[in-house]
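In the two assemblies presented below, chain A is common to both, partnered first by chain B and then by chain C.
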Partner chain A sequence: MTDSIAGPRETPPSARRGRPRPALLWASTALLVALAAAGGLVVGRAGAGDAGALHGSLIEPPMPVPEFTLASGDGPVSSADLRGTVTVLFFGYTFCPDICPFTLQRLRQARELLGPAGDGVRVVFVSVDPERDTPERATAYARGFDPSFTGLSGSPQAIADVASSFGIFFARAAPQEDTDGGNAAGGDRAGGDDDFYLVDHSATILALDRDGRLRLIWGGPATAEEMAADLRFLLSD
Partner chain B sequence: MTRLRPWQIALAAVLLVVAAAPAAFVAFRPVTVIPRLSVAPGLALTDEDGRRLTSDDLKGHMTLYGFAHGTCADGCRGVVSAMAAVQEGLAELPGAPPVRLVTVSFDPANDAPATLQAAARAAGARPGTWSFAVPTDTTAARRLVGEAFGVWYERQADGAFRYDPVLVLVDGLGIRRVEYRLGAPDPQRILGHMRELAVEARAGGAMRFAYEAAHFLSCYSN
Partner chain C sequence: MRPRRRTPAVLPAILLAAAAAACGGAGETPGEPELQVTEAWARAAAVAPDAPSNGAVYFTAANHGGQADRLVAARYAGADRTMIHETFVDERGVAGMRHLDAVEVPAGAEVRFEPGGRHLMLMGLAASLAPGDTIEVTLEFERSGELRVRVPVRPL
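So, the complex of A and B:
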């Protein structure tokens, strides 16, 4: 059997020369769109640092942080365990009378404001008072604010190393004059009066991206709404 | 030949510009930045007046850290003299950006506040601008100066120190931006970096966008 050549249906070379080839046109368009998308991604990411867009300070490009392992009441938690979610790190201590409970409360609210997306945010509280805050105590304290929160402690050396690597300082505060027989700061007490002391520490809050790299720093006070807005950006990053 | 419609041409032009923008930015480098190296360590020191000086106190300031000890008699291998020259040059920085200088002692056993005060006076340190400060003990000094800042120092049998002259410039966010480790520190180079960081810190709006793009695209200054 011989194939027939449908002569009349074949496009003459003269007519084909000036017509765009659909496959080439589509490929060019797709390539341009892909390049534009990549360019847009670059520009969009870089532009996200605009002070008007975010309330915290964006770290561009995200900054690797040293590996660490600390202890929770449920066992060891390493920096590798924090990958896969956006992680918010806050350093404080369970006897902290003011800034720590306020901050953790705001973080709980921020997470709630995110709705279901909040499940992608992990809040980690790291104690800077390892002498009094056992891993169990740190975990119970953090969970008191939100059952999803993680509370960590560890050896004084491990805590000092982790805190320093995130730019966090802490030091036992000088004893204060106690004129009314109680705690002037209104904080909880651990055992007798001799055991009571305050710890000065950075109130900085840090956010790590899903790869465990430092991405955002809230150096000053931020409201729950502001943190939620910034976290929304990190979740979409 | 089929002609493209105006909207198709416009769309192609927009796509081309967006696609080419990062490449053009990298090629022409309209803005360059000093790279962000790492987070500077958190610290709590005692200064020459016996007050606590913490990394939080320095947030919002460009901070130049130098590492020395209070009883060095030779300008601490150029560290203290370079910091003195930088202090003098601060007046020339446009816009008077907030800058702090901190000489961190790695000899807490001998550097009581009185010793640091004498060192600060001898160096011509201006209160509020340049502090001499010391970690709480030798362990804290080793961890902060030796490990966190990576400065080599060693006490000799005769009690004197051998050490590398190192200066570290940290931005207002607490990010390490430049480390001066090779040879004698050059105050003019340090002031140049401070000038660059001050301009970057002040940038807002479109320029902020450009600076972040430069960080993202690794358009670093020389």
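So, the complex of A and C:
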């Protein structure tokens, strides 16, 4: 067997009980990050004026992504519909109390900082909680931040496929233990936590160019000003 | 008989005296609470007026006393559960929230609960939190006891 060339190798038990699907998604996230890093380096070396000062990681050349169709409260939205504007994609869920609203608020601010040019930027929120987030709920949630925002959901399979193609990881979090017990007002925790689960998800924000190709990734917590600066570059790209 | 009395009765008294001395440190204004919660706010939490989301409450806890204190629980009557949470982003860029059993507020220090970090999560809201509303949240500190805080709701 060709196995023998690997020589004796121990696999730690922890590596064996991993779920294969998240591992695949992480791998694709790693790929995107690697691409982003490579893109950033290329631009840095070229010393291209504005691009050198980007806060996010530029994808160079822009990366085509598989076509997809998801659902908004007003009907289907497909990747083809996102062409013609710069599109900012953020994956989250409407029951997320902190980082999702924090991110969408910053995206609204970024768009406002661009003034009239902000109309050329479309912000799209994609739910990673399709079981609870109906298309109507996702759309209403996104519009609560800015009436121009698009909110999408879809079948669990459709969401998983789109997330995967953008390197976005998500998984339902293990139930939170409220160990002091003093907070639950009659909450019945028995039998799982179907109503109150949380979802872990990539905090990455992605920007697509006017041709719907992946062009820039904000991996860290970029400020509204930083994202506005990067969007200005993408709008002039 | 005498050996049975020993120190047990005396030791707590000494500890209490020590604690009292620590509390009454120099420069402390009489009547000022040692633990103060300021800048409290909640983010509006609604998908639609009749469709609540989960809520988040932020604040700054300042400990003007001479001893560390710990936030050990929080309550809001309008939520099924109120939890002390911290948003984290791991090395893969994946964000999640972890439950904190307690948050220490060291003596003379302040601890901020702010977006993207520590917050109180109001889980299972009975009603939406609308901008302009003010809610009352109870914070339970290990030493300072319960603090009732009025929390204005800010728009999204």
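Operating definition for what follows: the second predicted complex is superposed on the first by the 169 of 237 C-alpha atoms of A that agree within 3 Å, B and C clash if a C-alpha of one lies under 4 Å from a C-alpha of the other, contacts with A are read in each partner's own complex, and residues count from 1 in each chain.
By definition in this document, contacts are C-beta pairs under 8 Å (C-beta built on N, C-alpha and C of every residue); 3 or more make two chains touch, one makes a residue touch a chain.
In this text the structure is predicted, and so the values were computed from the model without any measurement.
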Touching partner for A:80 - first (chain B), second (chain C), both, neither:
neither
Scan A:202 for contacts with chain B and chain C and give back first, second, both or neither.
both
Partner chain in contact with A:59 - chain B first, chain C second, else both or neither
first
Quick one: is A:165 in contact with chain B, with chain C, with both, or with neither? Answer first, second, both or neither.
first
Regarding the shared-chain residue A:214, is it in contact with chain B (first), chain C (second), both, or neither?
first
Identify the overlap between the chain B-contacting and the chain C-contacting residues of chain A.
33, 169, 200, 202-204, 219
Please give the residue numbers of chain A that touch chain B in the complex, ascending.
18-20, 32-33, 35-36, 38-40, 42-43, 45-52, 57-61, 63, 65, 160-161, 163-171, 200, 202-204, 214, 217, 219
Interface with chain A, chain B side, in the complex: residues 1-2, 12, 14-16, 18-23, 36, 38-44, 52, 54-56, 59-60, 136, 143-144, 148, 173-175, 204-205, 208-209, 211-218
Sites on chain A touched by chain C in the complex:
26, 29-30, 33, 94-99, 101-102, 104-105, 137, 140-141, 144-145, 169, 173, 176-180, 182-187, 195-196, 198, 200-204, 219-221
Within their complex, state which residues of chain C touch chain A.
43-48, 51, 53-56, 72-75, 77, 79-83, 85, 87, 89, 92-97, 99, 101, 115-116, 119, 121-124, 140, 156
